[in-house]
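Common to both upcoming complexes is chain A, partnered first by chain B, then by chain C.
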Partner chain A sequence: MKKLAFIALAIALAAFVAVPLIGQTAAQKANLAASLKIDTSKLLSADNQLLLAPSTDNRKVPKRPADPNKLPETDPLHWYDMEWAGWNVKPTNIPKSPMTGAIGKKVIFIVHGDHPWTTACILGAQKVADAYQMEFKALSPNWDKVVQDQMIDQAIAEKPDMILLIPLDAKGAVQQARKINQAKIPLHLFNMLPDAAALNYSLGWTGPDDFGQFRLLARAWADELRKRNPGAKSIGVAYVQHAPGGSPFFARSFGPISELAGYAKEIKTLVAASPTPATFDANTTMQLVSDWITKYGDDLKGICASDDSAQALGIFEALEKAGRNDIVVVAAGNSKQGMDLVKDGKLFGITYQTAEGDGALSVQYAADWFNGKKLAVRQNLAQHIITAEDVEGFYPPQW
Partner chain B sequence: MSDNRGPAPDGATDGAATAQADTRSVKTGSLSSLVNTAGVYGIALLFLVLGAVLQFTGAIGNFLSPQNLLNIVDAVALVGIVAVGMSFVTYSGNYADMSVPTTMGLTGYICIELLRYGFIPAIIGAIGVSLLIGVLNGFVVGKFKANPIIWTLAVNYVTMGIIRLVWVNKQIYPDMKGSSPDVVALFDAIYRLRFFKLIGLPLVILILLVVIGQFVLTKTSFGVKLKLTGSAPKAAKLSGIPIETVIMTSFVLAAFTAAIAGLAVTSLSRVGAWYNGAGYDFKAVTAIVIGGMTLAGGRGTILGVLGGSLIIGILNNIMTLIGIGTFSQDMVRGAIFILVVGINAKSLRSLGRDDA
Partner chain C sequence: MRRSGKINFLAQGDKYRIYILFVVIFGFMSIFAPKFFSVFNFTTILNAIAMNATVAIGFTVVMICGQLDLSIGTVITFAGCLTLGLQPLLGFPGSIAVAVLGGALVGFLNGILVAKAKINSFIVTLGTMTILQGAIYQYSGGNSISVTTDEAFAISDFLQVSLLPLLTPRILITLILVVAVEFMLRRTRAGRNFYIVGGNRNTAWLAGINTDRYLIGAFVLSSVMAAIGGVVSVLVSTAATLKLGEISLMYVISATIIGGTAMSGGKGGVLRSVIAILSLEMLYTGIILFGLGNEVKIFFAGLILAYVVLYEAYATYRHEKNLGQRPELMKELATRLSTKEKKLLGSRGA
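Right, the complex of A and B next:
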């Protein structure tokens, strides 16, 4: 009798545990099926471009040199660890996809700071999150690393299904990523490339391929420089650099420098400098470029800027004061000021830097992971150079 | 500090002795005398001579060309405008107005928003709002003796928050807000208008502000009251000077010049953005201190502040022409800053004119 009672109790207990599990699995399967049917490929950003335009970069990842730092800065492989960061990660304690569907998942989206770009980035992320009916929460530490650390603690305490993070500091990102990883919360990093070790703890990385974009821009720039200076044996150019230290500082000057060393050897770098003490102040850039015109005179034929708004406007003020309209200027874009300058025939070309697409791609990556899709560890945003020929198609600007 | 007073005259009491003429010995080195005679313009001249020598030795080219010299003054015009106004705050003994960056940013936003009503209303509205910030700063610092740095920094953050809240953290553009292309063109011209195709409007405004500022500081009763408020506030109060009003006026003047510079920066960058005035607070303080105005208040000239701005411009120019890299420029700038301020302070002490 006792034996029968024990068996009955065991069966009841097993049913108590198993029935909800079986039910949950069925619900999850339905959720997955519904999630997989959602199509985000037709979503548009404010500039009427596809929000999730596929990357057109078909380059193969080269083999890492034994010591890239031993190569000269004009060798593209010198920049290997920056340009190809993310491709050679050592996944550590990376969770497997639950394959339960993206619908209803809670994601916490932590950016770097308040800026019109960030507003557009969050908007793009929200569009994809809405499409998947995700619970989406955006946090901004306003460029304060300590506040970002606190926000990460807060996010971990909320136990979301995933944390998406733009790390404020490349080195600090390692500790942040490890912390999230140890809390067993899936992490996805995007936009800013962190120190390679941080990527070991992340599902993947999405964002702009700054080096790739600037290699593309460099070739278009070189073609135009050759067109305007036919047969010239030496064409002097200058680089207005980004704020020192960050990856754009290197990608937006040494990217084109190393590209042109192979593609257009006659193009010589005269100078590369960051406007100081204010990197993105038009007035400071104007003084810098005016001084370059004084120093290099007619030898200066081209300028490549890290920013198509304040820096580009400062450059053109200097050029107009000096009466120089022969200098070919290109820049990282695509702000309204930059696109206006392209439309006016002043700026020759700018890179397409979609802020909405950046946020959108990161959330799409998260959705694809919940949906159990096989994902590359790194996904770049689509590359494109905007020139006078197609600039009209990128209005109105995203920010 | 050692007591260098000579012996009291025979029969004089201690009290009488203190009423005697100050006979402290003054050891003046040739450098101190030179600095004090030539002032900050002497240092600026030294930099110009350095540039000329470098040009003649072939190290740099075209330093003395009119275009290059014009570039230098053009580049410091905006910082100079901010510094002239802020120097009244410094002179009043309240160090600096750290709310300048967002005052500049807010001015740009307000002006662009109001361009739909025309150019003049937009300018008046933008400057008016900035003056309100000046009134608030001056009232709190003057009336409640709030620490000026902490208070104005707080106002800077609050204003930044208001901008982000009202404009949802977005930038605004004059050509999307202006009532007509002519209005937008006028706004565009604030920075770009050039007299005789050479001299920019900001430079003309700077020169006007320097002339008016120097006059106000040295030739008006407000200037005298400001000097006494800055150097001896208790004595000023006992003398019946309304120091609260004087301090408030100095902050209003700082806000006014910040508004002018804010309009120029916004016109130059063709966008209303909260970060438009970033860094102008520290740049202005640098110009003020290099220009010989003491942060303790009550001492210095507006002409000196102009000289300080010029020194910064010449130094930046020479460094770029030589080809000093980005990283090294900051070090050189800092070293020169310490050197110039050090020489100034030493010479003033040597002459018994400063015990700061």
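Right, the complex of A and C next:
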């Protein structure tokens, strides 16, 4: 009798422990199955483009030179650690996918600062998060890294299922990523390419391939410069650079410089500078470009800008004042101002850099990870150069 | 009697204003802001204020002397860049020493120009700020500077480890500096002399105080504190960005004024400035925890500053109105004088 009672008690105890576990696993399996059925591929951004357009870049990752810094800045491989960052990571303490499905997961989305681009980016991210019924929280440190560090601490305290981060500073990202990693919270970096070491602590990186886009833009720009200056042995160009410190500063000037060194050797860099004190201010850019026009005169045949809104407006103000309409201008895009300038025939070309797609791709990456999909360490956004020929197809602009 | 009570109440309110603000914000956020009341959150807040609180220590002393130091933000960045930039050459002890000494040198130059050349501190420190900004860009080539060695990570981890609840070495450094400078200001003759110099420079000179020495000392202290703030900040983040101290200037100025340090000098305290920074940080954290945006944060910071400035204006008006009036004396006279004399006084409008 005692023996029977003991067996019954043991069975009851085992059932008490096992049933919830089996139940939980079943619930997780159901959640995973439901998550995998969700299709986000048809979602559209405000400009009626596919929100998650696949990347068209099929370049192979080259072999890293022994010391890229020893190569000249005009050699594309000099920029290897920036352009191909992420492909040679040493994963450190990276968690495995729980394979429990994306539905209901909590993600904290930390951006860099308030800007119309950021608003569009958050909107895109929210669309994918809503599709997966994720708990989505966006935080903006208003361009202050100290505040971003604090927000990371707060995000860690909330113990979300994942933190998605646009690092404000490429080098500062290393410690930020390490800290999140040490807290055992999965991290995904996006948009701004951080220092390669930061990617060791991240599941992956998604965003625009700034170098790749600007290499593409450089070729289109060079073709147009050649067309307008047939037979010229030397074509002088200038670069209005991004704010110093981040990857766009290098990608948007040294990307085309190193590309043209091979593709169009007759195109010579006259000057490259960032408008100071305000990098993205039309008036400051106008003054900078006016000085260049005075200094280089007719030798200046092309300008490549890091921004198609304030910088581009400043450039065209300077060109109009100087009565120059022979200069071919290209820029990083694609804001409303930039698209309007392309439509008006002023800007020759801009890069298609979807803000909504940027945010959306990062959340999709998170969802795919929760769903247990095998993911590449790095996923680039689709690349395209918008010119007057197809600009109409990208209206209304995202920001 | 009512008038005297009102004046006393206002004076007490003025004295404890920042503590009342602190209690109100702390109480409100603890009750209403989700997840505000937790040890982790408080530790995060204290870590977040560590840099600006350290910077505010020196800045408050400069303001007590009736001066301004606009160079604090760039000194933070300057010291941060030197700490990490020179580390491969000198190691951390050497680079930290150079960074702090570099800060002291900037402060000394500011002090000499203000005290000896009699140039307005606003102009002097604006100039220093601009020159330093250029030097930093030149030194860094427009890039952030980082050190990602195991040693750097070990120092960073150590500075953030909890020794006791709410207390990390980073917070402890700030706390020690606050206590030391507050003690110096309140309990030593040298400290009290800063108030006398700020209250009235001529009177201080007539009292035998070497005013120039105190002014130079205040600027050196301000820059050294800014440098320490920058050094500790980059040791934690292992990276020095070129915008590191950019926002600190306005933040520290606002907090020091909110804390009750008079821009005209002679009044204020380090602890009050630090409590003001803590209050603002709690407010900002609460706003974030409520899920509100930066615009709300900026609005409330502006609102508090506007209230304090208006209150200061009212306090100045009240002070000037009461100048020459001695209600206690009148009350005493009223009890001693005869009825006839009282009538006489009354007819004269006393």
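Basically, the second predicted complex is superposed on the first by the 388 of 399 C-alpha atoms of A that agree within 3 Å, B and C clash if a C-alpha of one lies under 4 Å from a C-alpha of the other, contacts with A are read in each partner's own complex, and residues count from 1 in each chain.
In this text, a contact is a pair of C-beta atoms (placed from the backbone, for glycine too) under 8 Å apart; a residue touches a chain by one contact, two chains touch by 3 or more.
These numbers were taken from a predicted model, which means no experiment stands behind them.
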{"item": "Touching partner for A:K106 - first (chain B), second (chain C), both, neither", "value": "neither"}
{"item": "Touching partner for A:Q150 - first (chain B), second (chain C), both, neither", "value": "second"}
{"item": "Contacts of A:T118 with chain B and chain C, given as first, second, both or neither", "value": "first"}
{"item": "Which of chain B and chain C A:A170 touches, first, second, both or neither", "value": "second"}
{"item": "Touched partner set for A:A278, first chain B, second chain C, both or neither", "value": "first"}
{"item": "Touched partner set for A:K184, first chain B, second chain C, both or neither", "value": "neither"}
{"item": "Touched partner set for A:S290, first chain B, second chain C, both or neither", "value": "first"}
{"item": "Which of chain B and chain C A:A322 touches, first, second, both or neither", "value": "first"}
{"item": "Which superposed partner A:K137 touches (first chain B, second chain C, both, neither)", "value": "second"}
{"item": "Chain B and chain C footprints on chain A, overlapping residues", "value": "114, 244, 274"}
{"item": "Residues of chain A defined as touching chain C within the complex", "value": "114, 137, 139-140, 142-147, 149-151, 153-154, 157-158, 168-172, 174-176, 178, 195, 197, 244-245, 249, 274"}
{"item": "Chain B residues within the chain A interface of the complex", "value": "60-63, 65, 67-68, 71-72, 74-75, 78, 164, 168-171, 173, 175, 191-192, 265, 268-271, 273, 275, 278-279, 282-283, 313, 316-317, 320-321, 323, 325-327, 329-330, 333"}
{"item": "Complex contacts: residues of chain A adjacent to chain B", "value": "114-116, 118-119, 241, 244, 271, 273-274, 276-278, 280-284, 286-288, 290-292, 294-295, 297, 309-310, 313-314, 317-318, 321-322, 336-337, 340, 399"}
{"item": "Chain A partner contacts - residues on chain C that touch it in the complex", "value": "35, 38, 40-41, 44, 47-48, 51, 137, 141-146, 148, 153, 156, 233, 236-239, 241-244, 246-247, 285, 288-289, 291, 293-295"}
